[in-house]
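Common to both upcoming complexes is chain A, partnered first by chain B, then by chain C.
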Partner chain A sequence: MLFAKKKKKIDGDKHYVSLANIVGETAILYKKEDLVSYDCDGFTIHKSMPKAVVFPKSTEEVAAAVKYCAENKIPFLARGAGTGLSGGAIPLNGEVIISLAKMKQLLSVDFENRQAVVQPGFVNLKLTNSIANKGYYYAPDPSSQYVCTIGGNVAENAGGAHCLKYGVTTNHILGLEVVLSNGEIIEISENGIPDAPGYDLLGLLTGSEGTLGIVTKITVRILKNPEGKQTVLAYFDKAEDGSHAVSDIISAGIVPAALEMMDKTAIEGVEAGTYPVGHPRDIEALLLIEVDGVAAGIDEQIEEILKVCKQRNVREVKVAESEEERGKWWANRKTGFGAMGAISPDYLVQDGVIPRSRLPKVLQNISEISKESGLRIANIFHAGDGNLHPLILFDSRIPGETEKAVKAGTACLKACADVGGSITGEHGVGIEKIEEMRFIFTDEELEAQTKIREVFNPENLLNKGKLFPTPSRCMDVKKVIKEAAAN
Partner chain B sequence: MAVTEKELQAKPEPSCASTSLSNYLWDDHPDENKWADCVHCGMCLESCPTYLETGQEQHSPRGRVHLIKSVAEGKLEVNEQFMDPVFQCLDCRACTTACPADVDVGGLIEEARGQVRQAMPLTGWKGTVSNFFLKDLFPHQNRLNMLGGLLKFYQKSGLQNVARKTGAMKVMPEHLVQMEAIMPELKKPVQKRYKDVDVIPAKGEPKARVSMLTGCIMDVMFSDINQATINVLTHNNNEVVLPKNQTCCGALHVHAGDRETGKKLAKQNIEAFKDADKVVVNAAGCGCALKEYPELFRNDLEWKEKAEEFSKKVEDISKYLYDTGYEKPKSPINKKITYHDACHLAHGQGVRHEPRQLLKDIPGVEYVEQPNADTCCGSAGIYNITNPEMAGAVLERKMENVPDDVEMISMGNPGCMLQMAVGVQKYGRREEIVHTVQLLDWAYQEDEKNGIGKSSAQQTIATGKE
Partner chain C sequence: MLELKEVMDNKILADKRFGNTGLSLISVKSEEEIADVLRSANEKGKTVSIVSGGTKRGYGGLKEEYDVVLSLAEYRGIVEHTVGDMTVTVRPGTTIAELQNFLRKHDQMVSLDPSWPEQATIGGVIAANESGPKRLKYGSARDLVIGLRVVYPDGSVIRTGGKVVKNVAGYDMNKLFIGAMGTLGAISEITLKLRPVPKDESLVLLSVKEEHVDELKTFAIKVQDSMVEPVTLELVNPTLSKQLWDREAYTLLMGFEDVPNAVQYQEEWVRAQKPKEAVMDVLPANEAMDFWNRFANIAPNSLTDNSENGEVKANLKIGSKNMQVMDVLKEADRFQRQYGVTLAAHGGLGHGLTNAYLTGSEDQIKAVVRELRDFVESKQGYAVLKHLPFYLREELNVWGKGQSYHFLFEGIKRKVDPNNSLNHQRFVGGI
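Take a look at the complex of A and B:
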């Protein structure tokens, strides 16, 4: 055929040939140039090459690949779209990456029982798009929902803007099919019936960051679209006023579907990106507030929100006049992280959680950390549930800046932990926050959790070096990052 | 030899530098500033046809950016394994639309292809075929016309029937047989027809004078669309000039990594359209290429300036009509029509609304939006010839999205028209493939037949901008 390429035979390592026999010759990558794209995920500070990437098309192929790795003591891990922000899919130990990108089917939808079954590589937003015409949607909406996979959402227990009212991924998972680290296939809550007796294994697996097993089929809850929906945009001259407005809205007894905040630097980023809204550049904070539910009560809630904003010296506040305007506001918000590329070559995003009432203080602390480090920090976050996302802007090409950014990130998490908060709300620990686990857990607590891992993953071949620090491991990772920064 | 990041940092390069960059050994290497915008967020993944097809990240926009950057960092070399993802890209620019930070992936890919072609020039018969098309054919209108004449003879003499009946076609590769089957009937090129005319007059009181790119293949294979464009322009009181010295836009050359020929053609066009106020284009791929001339000359300040001035004048026909006002036809075309966004119109030039509005303004047209209207059809210049397997897979996705009961698929790019025609034929469908201006032209012709004269229609001139 004109210009068509000839298929090449697998060469090199015998493991490549064996794995190719399991998944097929066209479903394995093992050459350096092809593997480079897999040396990191959405967390780019640390890079490490995998041994190979395989693309199974079925649960059986996943199980066979896992079994082969386990028997040959080859470390391995699962990867979806690779949009994770804590490095959960980075192959620290030359892993074989089991990519679930080819397992992307919507297997079934059961409107009567309000549930859907998907393969792990199915993209989050596609679920909502597939059932929207019947008036249904899938609630967890991480900002990367245009591309991230539901399998990855399960691994990270992903959150999103609308999780304030509807809960994070774990609240929407009804059943899982899992390939264990020895290749055995198990079903948890097979028919999607929640609250089965015995231990809550669904809860345990969801958010386990790929260290307990590889999810190959997921039963999720789907929801009926709310009857009504209104979105408000409020501009504040002072960040403090914006923060107080957040607390006031919740204290007034309103549970918004979403309550988002962006600060001045963040606004600079999103306005320089692909989806500018025309936000004023001289404000210190904006709030994006959405209420939904039974149509009858919505107007009153909006009135109340407008009142609170005015009491807190809002400069301008407006209600979306059309679905188009609402869509624009959300596109601007949801592409916020990526838009930082327009104002900075690199960023490191943190994911602290704090009690809402401490928002003004912690924002103040973050601003001090920014001054001390000499790095700009943009804040885009789920203010309603106190889930902060300080984005530390840096340029990895400038010697020492990566290290400074990592340090500033740690300081931000420390500030969160110090006010009784947590180091991660939805992005997971991965390798990024592994050392910071010590801010909130004692050695005994960490060891107790590691023992749970050992039940599922006794050889620690599956996603080794993630989530929990071992004394040597965490030092290693941080050391590597520091060395990379120094280079 | 590999250069460390530190060393790179130590020698900042002016934008017009003519040096190598680590493992990019040739001039005009990929631009560091372009990948500095990419934070590897992955928002591009689902927009990329080759990623959707393969699920492999080296065939995704962020993966390609990562690869291109890795060569600059000295981690990889320009070799065959690097070439594969870089040339597998359809150059559809859907990632540019999806990217939150506006990373110019398309530009990076083209620059990287330039390096690949210099590191590994095409040799043997591939080189011969590529050189024949890109260097010996497309830039030479007289040779194209001659080929057009031969093809016309092939169609008219009965040779086409003979070839099809005798099974002579069976020795050809499948995708070429498909292309042959949908070859449009060839008409006289407009450059020949208006050879002695300096300015084609407006039908009424002239309101503007525009110059038109007649294209290379366009004027041989699709001269009827060129004619329709002239008709629609003059109908709406534009005088039309067809500059004689214009040439192929060079898009295919730049896509193929032959940036030097691309620059040569660009210079010739910039000169040819020197006196034009407006350059109207009816082929999305060409229009996009003309608009991107400044990128081609980013290291040549003198020509960059000229290119910038030139590219501001370039406008797609649908946008030009929409912006300057066009007469809404009165006579109906009773057809159910859907619209396919050519990548280089939607993603490349941001023109989406205007052609749809043109269609909706034709009475009788029942407009149906197709899902994923702005995903690539797989044509991508000559991609369907160089990468037939991937092009075929992408086309299949596209055809699945075309609504079942439409009678016509309208679009604004000849490459897409050929590819979609292959799709219609291959999947046993019946839709007619048309260019948006053709529909408008037909409607105007109906008006004339029905005696709805220009003068009576004068008052109804719509300015698309409302």
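Take a look at the complex of A and C:
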């Protein structure tokens, strides 16, 4: 796929030659057939071709490529592993994609000060694997952690199953090296020292979906593995009982490391998938609950959880008897989205957040949306922090069904927004939810955000057309999505 | 503009020692009133300083007087507490103590332990990004604030974040206002995520003589590599230890908050693993809480600082790598001896922040601040003066040497407050 090493001429556009001079001739793709796999990310409903893809190997090369694009008014964007689910890395304007896939080193680990420094292309799970021998780990654990990159995690402020207790990416970022949209390099909290005087740019950049700068080096916090860990699986005949159990566990003063829920349709999916564990098919909800911490304190909390589940009419509740059993339960959960492929030709993942106490009502609403649309909706979600993932099952071969699925997804987000929730808890806005931003923000509030973008990205060449609705832009995107849906 | 009562004869206006005062003071009781004051000031080209509890008037600021002081102290109270969601929405003038006492009835808490809970308000704590030793385990304001309402200088009201604990819709605008020292807007409502009050707690104190202080560092590293999960790993210098505990020794404060079994187990672990030179004391829950209350009132502030006859009090906040806290404290003690100041200090071995409280003559304070700042800046750290009389602030440069990317701060300020009407010159680099 990449060019041969020997001298050869780059055809076409002069920009290809100039970019090749910056990153090297073997580190650029520009032929149509090579670019096809970069026309979308994990959000596959919309596709659009980039102008080129470059693979810089250093911060300096990133900066030089950015500077070149900026000077020549060429739109550009950064890309990690391309697992994003909201289309944040999709080139809408014929961008030059700056892939950070080759910047994938673990630069240093400092156990004494509990921090590690990685390049943006370093894969999330590899960090934990690299420090596990000393009993340390990196907390944010998105389901795609075996392939997604930490740079991408920073861009999206990625979450995961264990952020109920340990927080999301932003809570673990201590320092960033950033290439600004004009090619200038800045270092924010280079040594991971907290509370650097000035506005909290670490916090602002994390989750800015690649619209404020390109992160080229990341200092993260690493944590010691908890001494004890116990996992409980509970089956409920009624979804409502499961929802109440979630609130009761939290109200009992327990802060579980994870508190996950799946509904009946989701269970059907995961049981047909690669990692079935033999969940009963006739229950309405299951909870997967994990408690960790000092071992001496775990049993007491598990007792309490079992008590709560019983009070809420649990059909069966069990504690994992081995690490192997625990691993099986988690594999079943973490591959849940993909498992929907076993029961439906296509599925659309949504990502809304609600105040936990509104769970029963919103689940009811989602079930009504399912009935109205005639599409099945499976629910797999982080119940502890109210982060829902409705999975809308559809068949794109049936004319109009994709469109229906997109519409149902929007309706689910509206249901979340209507109870004071948010339209995304961890997947980001990207292009997918641009219009839905209006569910939760006024024009004034959106403008307050775009004004901040103007400070960092005044020409709007960096990842243009993402996150914020503008009257023309959002109509374009919606039109494109609708056209894609119609095809 | 509303018929707002302007107070001319007020303690805040009368006391000029810390600057950040004004020609008149307007105390507001609603968001609309905040908006009216800011809008009107902005339109008329007037400058506004924001105050609430009044503890931080010695923190930053190169203006002795603004046109108007906007007081949020009377805009207080709980707006909404959703017990099941473990979130609370609160007005800025609510004191930390009032908020915590209210939540405690529901066995919940804001896991933030800033100084002066009885006086400091949640609005001020968020605007100044205040935290205490327990941030080791529970994080700081940026980890707890999930939503804000902010009145912009032009009077518009912006909501940031929301009322859910996980949210990535748009930019994380909450972060911009936390620690911004009121230079970007007046925070009119704050939504925080809560934690359950721990079922049990205790405080283990390990004291060593100065010559054995390195043993405590070795021990702290061992703690971090172990299964023990302390909420604090705060090292206190002998001067402060004497004030707090009547024991002139380096003392490591290890708080444990968990279910009773786990608390007890961790105490026993410390007893078995501690350096043999260390004297160990354990304070049970009640005494631990008393201790932390005392601890929260040791820093000088603009309400309580009654220095006279040329005496000056200062609070230097130092940021370093976690374990460098040990070196910072040792250097601080060296300067204490060298210059003859009184210097009480504590720093978190797990979070890298040290606070030094200095009392001495003007010349002594200047010398020690410069020495300590040079030392930490040589280690890529920083030193910020959180409390200092107005007349010394410009000379000693409250915020230190600043950042290479200061132009971004200026750009943000310009977009939000183009007329520099809000808390102008209060923050880093004269923003």
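Heads up, the rule we're going with is that the second predicted complex is superposed on the first by the 478 of 487 C-alpha atoms of A that agree within 3 Å, B and C clash if a C-alpha of one lies under 4 Å from a C-alpha of the other, contacts with A are read in each partner's own complex, and residues count from 1 in each chain.
What we mean here is this: a contact is a pair of C-beta atoms (placed from the backbone, for glycine too) under 8 Å apart; a residue touches a chain by one contact, two chains touch by 3 or more.
Since we're looking at a predicted model, the values are computed, not measured.
Touch criterion met: A:123 reaches chain B, while chain C stays clear of it. In the superposed model, A:426 lies in contact with chain C only, and not with chain B. In the overlay built on the shared chain, the residue A:94 is in contact with neither chain B nor chain C. Once chain A of one complex is fitted onto chain A of the other, the partner contacts of A:273 are limited to chain B, with no touch recorded for chain C.
Of the two partners chain B and chain C, it is C that touches the larger number of chain A residues.
In the superposition on chain A, contact is made by A:399 with chain B only, not with chain C. Once chain A of one complex is fitted onto chain A of the other, the partner contacts of A:374 are absent, as it touches neither chain B nor chain C.
Of the two partner chains placed by superposition, only chain B is touched by A:81; chain C is not. Overlap of the chain B and chain C interfaces on chain A: none, as no residue is touched by both. Every residue of chain C that touches chain A in the complex is listed here, in rising order: 82-87, 107, 129, 139-140, 142-143, 152, 156, 158-160, 162-176, 178-180, 184, 195-197, 199, 221, 224-229, 258-259, 261-262, 264-266, 317, 319-323, 350-353, 380-382, 384, 399-400, 402-406, 408-409, 411-412, 415-416, 427-429.
The touching residues of chain A, when paired with chain C in their complex, are 110-114, 134-135, 156-157, 159, 163, 167-168, 170-171, 186-188, 190-204, 206-208, 212, 224, 226-228, 247, 250-251, 253-255, 293-297, 299-301, 353-357, 382, 385-387, 420-429, 433, 437, 440-442, 444-446, 448-449, 451-456, 467-468.
Residues of chain A touching chain B in their complex: 1-5, 29, 31-34, 36-38, 40-42, 44, 53, 55, 81-83, 99, 101-102, 104, 121, 123, 144, 146-148, 273-275, 335-342, 345-347, 396-399, 487.
Chain B contributes residues 4-6, 8-9, 36-46, 55-58, 60, 62-63, 66-67, 70, 75-76, 79, 81-82, 84-85, 97-103, 126, 129, 173-176, 385-389 to its touches with chain A in the complex.
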